[in-house]
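Next come the structures, one after another.
What follows is a pair of complexes built around subunit A, which joins subunit B in one and subunit C in the other.
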Partner chain A sequence: MSDKVTNYPGTSLTEKDIVDGNVLSIHDEMQGDFSWDTGIAIGRYLAGFKEGVILGSHCTHCRKTVVPPRIVCEWCFRPMDRFLPLGDTGTVNTFSLCYVTWDVQRIKEPETPAVIEIDGASPLHGIMHKLGEVDPQQISIGMRIKAVWKPADEREGAITDILYFKPTKE
Partner chain B sequence: MSMRKVAVVGAGMTKFVRRALETGKELSWQATSMALESCELTMDDIEGVCLGTAPDAFDGVHMKGEYLSDGAGAWRKPYMRSYVGGGTGVFVPIQGWYHVASGMFDVVLVVAEEKMSSYYPHAQGAFLTIFDHTTERPLKPNLLWIFALEMNRYMQTYGISKKDIAQVAVKNKRNAADHPSALLGDSDITVEDVLNSEVLAWPVNRLDVSPVSDGAVALVLAAEHVAKRITDKPVWIEGVGWNLDTAYWTNRDLAYPRYVEYAARMAYDMAGIKEPRKQINIVEPYDPFDYKELHHLEGLLLADRGQAPQLVADGITLRNGDMPVCPSGGLLGVGNPIAAAGLMKVAELYWQLRGEAGARQVPGQPKRGLAQAWGDLMQVGTVVIMGR
Partner chain C sequence: MTLLERDPNAPSFWRDEMQVTNRYTFGIAGERFFRAIKDHEQILGSHCNNCEHTYVPAAAFCERCMKKTDEWVDVGKVGEVVTFTHLFVNYDGSQREEPETIAFIKFGDGGLVHRVVSPDSYPIEIGLQARAVFKPLSEREGSILDILHFELITD
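The block that comes next holds the complex of A and B.
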């Protein structure tokens, strides 16, 4: 703001002004229903989950193995050479203990999202998932973990076929 | 490359508030008319308009560019809205710059607007669709996760403590106490206040985060021959840069923002800057979370990797330090109406370099400043360097 200005536009309201009806407002809810196609690479990735496998894709030219798999290599812009099964084990790259929901409601037991470097993928290549069967206060970066899968007959070809990752004793 | 010199010749901004009575159109008009008034131009002098605003989802309005066009003065003019997530506020002046540098326009208006309060019950909900719909959204992520995950990786990689990082929030909220349009200025805040505030998503506490806000900012850009007629203190856009990293954010080095480095190198090259730490006098890096200011100073090559907290601890980034960082008060102090917050940083450089920042004025007649924003899915860097 310039020191030549003496009038500052913009009028601050509080939630109370809305609730008490001091100002008028219009409330509306929008609904959106979608059916997303999985495409080629993610279709294979999801089909892999049904079999209890985490699938990546490999570029021979760049010697890179990425996850989630894709059909084109971002580095050289050539088609990926092949899909390949990776381990269902990995390493905690980073994690959080989250005490709020998306609409900022408070929760007592924290959610435990993590970025998980998957064994068999290139260094620092991982996926986002959650950690489980662990005291949140005991989670650390570098911790070795393994996927806990839904029973085979309950899997539906979704990222949630992995319930969470739990620590392994190595 | 044959490009014309481009100057900023006028600027205006509304107050940043948690919830504004005014609509987005009205906020846009308020900021725009202030900017025009500051350089004594009228809408007749404006040849084109560039607008920046973040997701349509905030407002529940399809094609927000068109919706805001009357408030931004776009009627019967060449008009385009740009959008690169949180990076928008520093991208839209770049868009304005190439309008003028190209020779197509002599005078353009650059407007950035955000009204985040309309989304119920909380603007965070509008961010849910940034996550991949097939591979991530079934895990029911929220926006805080992504920042908490990145902050934790940054802390662990370099051995940085939450206390080191909290100093940034303290500095910026104290700086904002001198900004007449700021939402969260607090001259008495301490590191303990930040560390003792509620844990939202460890390691992120409530006071590590900038507030959801409404607001608008506008600039007037002019080609050299026009700028010199309008003002005797034009502030030149000396360098611009922007760069994008992979959208597969879990395949990236979360401890270092390489895309910010690439954007900065592009801008330094254009501005002929060889030693940024000596040649940049004021920095306005993007600070939606306190750790991001540090992360970005490293990406901008203004601090060694993992060493930005030491600059803060040594007082170098204070308003009267050797390299003032966020003298405005930043997003943490002034507020974070996404696109408007980024453009506020560019406006702050304009006021600082003209010596009219009042109580916020950086001493020593600074010659050159850098503003940077960041966004999309943690992967876009936008940089503007300005000098007098």
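The block that comes next holds the complex of A and C.
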């Protein structure tokens, strides 16, 4: 529908209008501090990163292994049976080439987030992370990848303890 | 350890900060309203002849009959205290020794919410008049804070 509109109503503004003071504006910053309880499972998950391990949890009843770990099985609603370390390798389930950063800056080299099925978890179970050491144009669904970790003494128990996943030759 | 116990070595919380910034432009009516404050120390309202209603701050359209408002009027600098409150807590949650008073000051059929100071700590009351005190021209930047505060008229 919008392609038929040639003349949009209203007043269009450019950055220059703001900078030159042609229009008044207010710039403000909200304080977005937060503290989020990691809970039992995500606490363990983050602690696992410090050890260089991606942790999942397993429901014996459903024979499901999920990542990130949870304490309740989302299929049978029973408590999960155990945490277990998974591999730090996996498969690209889906990916995106992002030419815009989180704060809306245009970039030439795209960021490459992907959903990664982690080896050891049930099929189609995985996490979102970034891909690296790869030509963005060569990324494909099904590509085999491996985590690149921060040095052990720099890890702090965060998802960013994994820098990115890089392709492996198999 | 069962799955229902926390690992004492695991981080129990994640602390972070969301960066939320915003830029607001006032729109056509708002632009004219704040220009008048900035350049002329004027508080402007707009009047709807159909509804006999004066909007303050000025609005481009009447929200009762949806027509364009007919004329812009200078509503003066003196309004009436309709309601007020004393704030003992700062914006960041810390306690204040001396309260700050804010009030709704009526102009036309609308009004402004702003700080109120009273000379000689005269107690504020509903129905009192208050006069807008503006910042010096060089410090005004087209914001409601170009009005420094309202001062109670006590005599």
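FYI, the second predicted complex is superposed on the first by the 141 of 170 C-alpha atoms of A that agree within 3 Å, B and C clash if a C-alpha of one lies under 4 Å from a C-alpha of the other, contacts with A are read in each partner's own complex, and residues count from 1 in each chain.
Here, a residue touches a chain if its C-beta (ideal position, glycine included) is under 8 Å from a C-beta of that chain, and two chains touch if they have at least 3 such contacts.
Every value quoted in this text rests on a predicted model; they were computed, and no experiment measured them.
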Touching A:Gly157 in the superposition: subunit B (first), subunit C (second), both, neither?
second
Go through the superposed model and pick first if A:Arg44 touches only subunit B, second if only subunit C, both, or neither.
second
Please work out whether A:Leu124 is in contact with subunit B alone, subunit C alone, both, or neither, and reply first, second, both or neither.
first
May I ask you to decide whether A:Phe83 touches subunit B, subunit C, both, or neither, giving the answer as first, second, both or neither?
second
Contacts for A:Ser96 in the overlay, against subunit B (first) and subunit C (second): which applies, first, second, both or neither?
first
Touching A:Ser35 in the superposition: subunit B (first), subunit C (second), both, neither?
second
Does the superposition put A:Gln138 against subunit B (first), subunit C (second), both, or neither?
neither
Once the structures are superposed on A, label A:Val23 by its partner contacts, choosing first (subunit B), second (subunit C), both or neither.
both
Quick one: subunit B or subunit C, who's touching more of subunit A?
B
Subunit B versus subunit C as contact partner of A:Ile71, first or second or both or neither
second
Subunit A contact set shared between subunit B and subunit C covers 11, 13, 18, 23, 27-28, 30, 34, 36, 38, 46, 103
Once bound in the complex, which stretches of subunit A touch subunit C?
11, 13, 18, 23-38, 40-41, 43-44, 46-47, 57, 71, 79-83, 103, 157
Of all residues in subunit C, which touch subunit A in the complex?
3-7, 9-26, 28, 30-31, 34-35, 38, 92, 141-143
Parts of subunit B lying in touch with subunit A, wherever the complex brings them together:
11-22, 27, 30-31, 34, 38, 60, 120-122, 124-125, 128, 133-136, 138-145, 148-150, 152-153, 156, 179-181, 198-204, 214-215, 246, 248, 250-254, 351, 354, 356-358, 360-361
Show me the residue ranges of subunit A that touch subunit B in the complex, using the header's touch definition.
1-5, 8-15, 18, 23, 27-28, 30, 34, 36, 38, 42, 45-46, 66-68, 70, 74, 93-104, 110, 113-115, 124-130, 141, 158-160
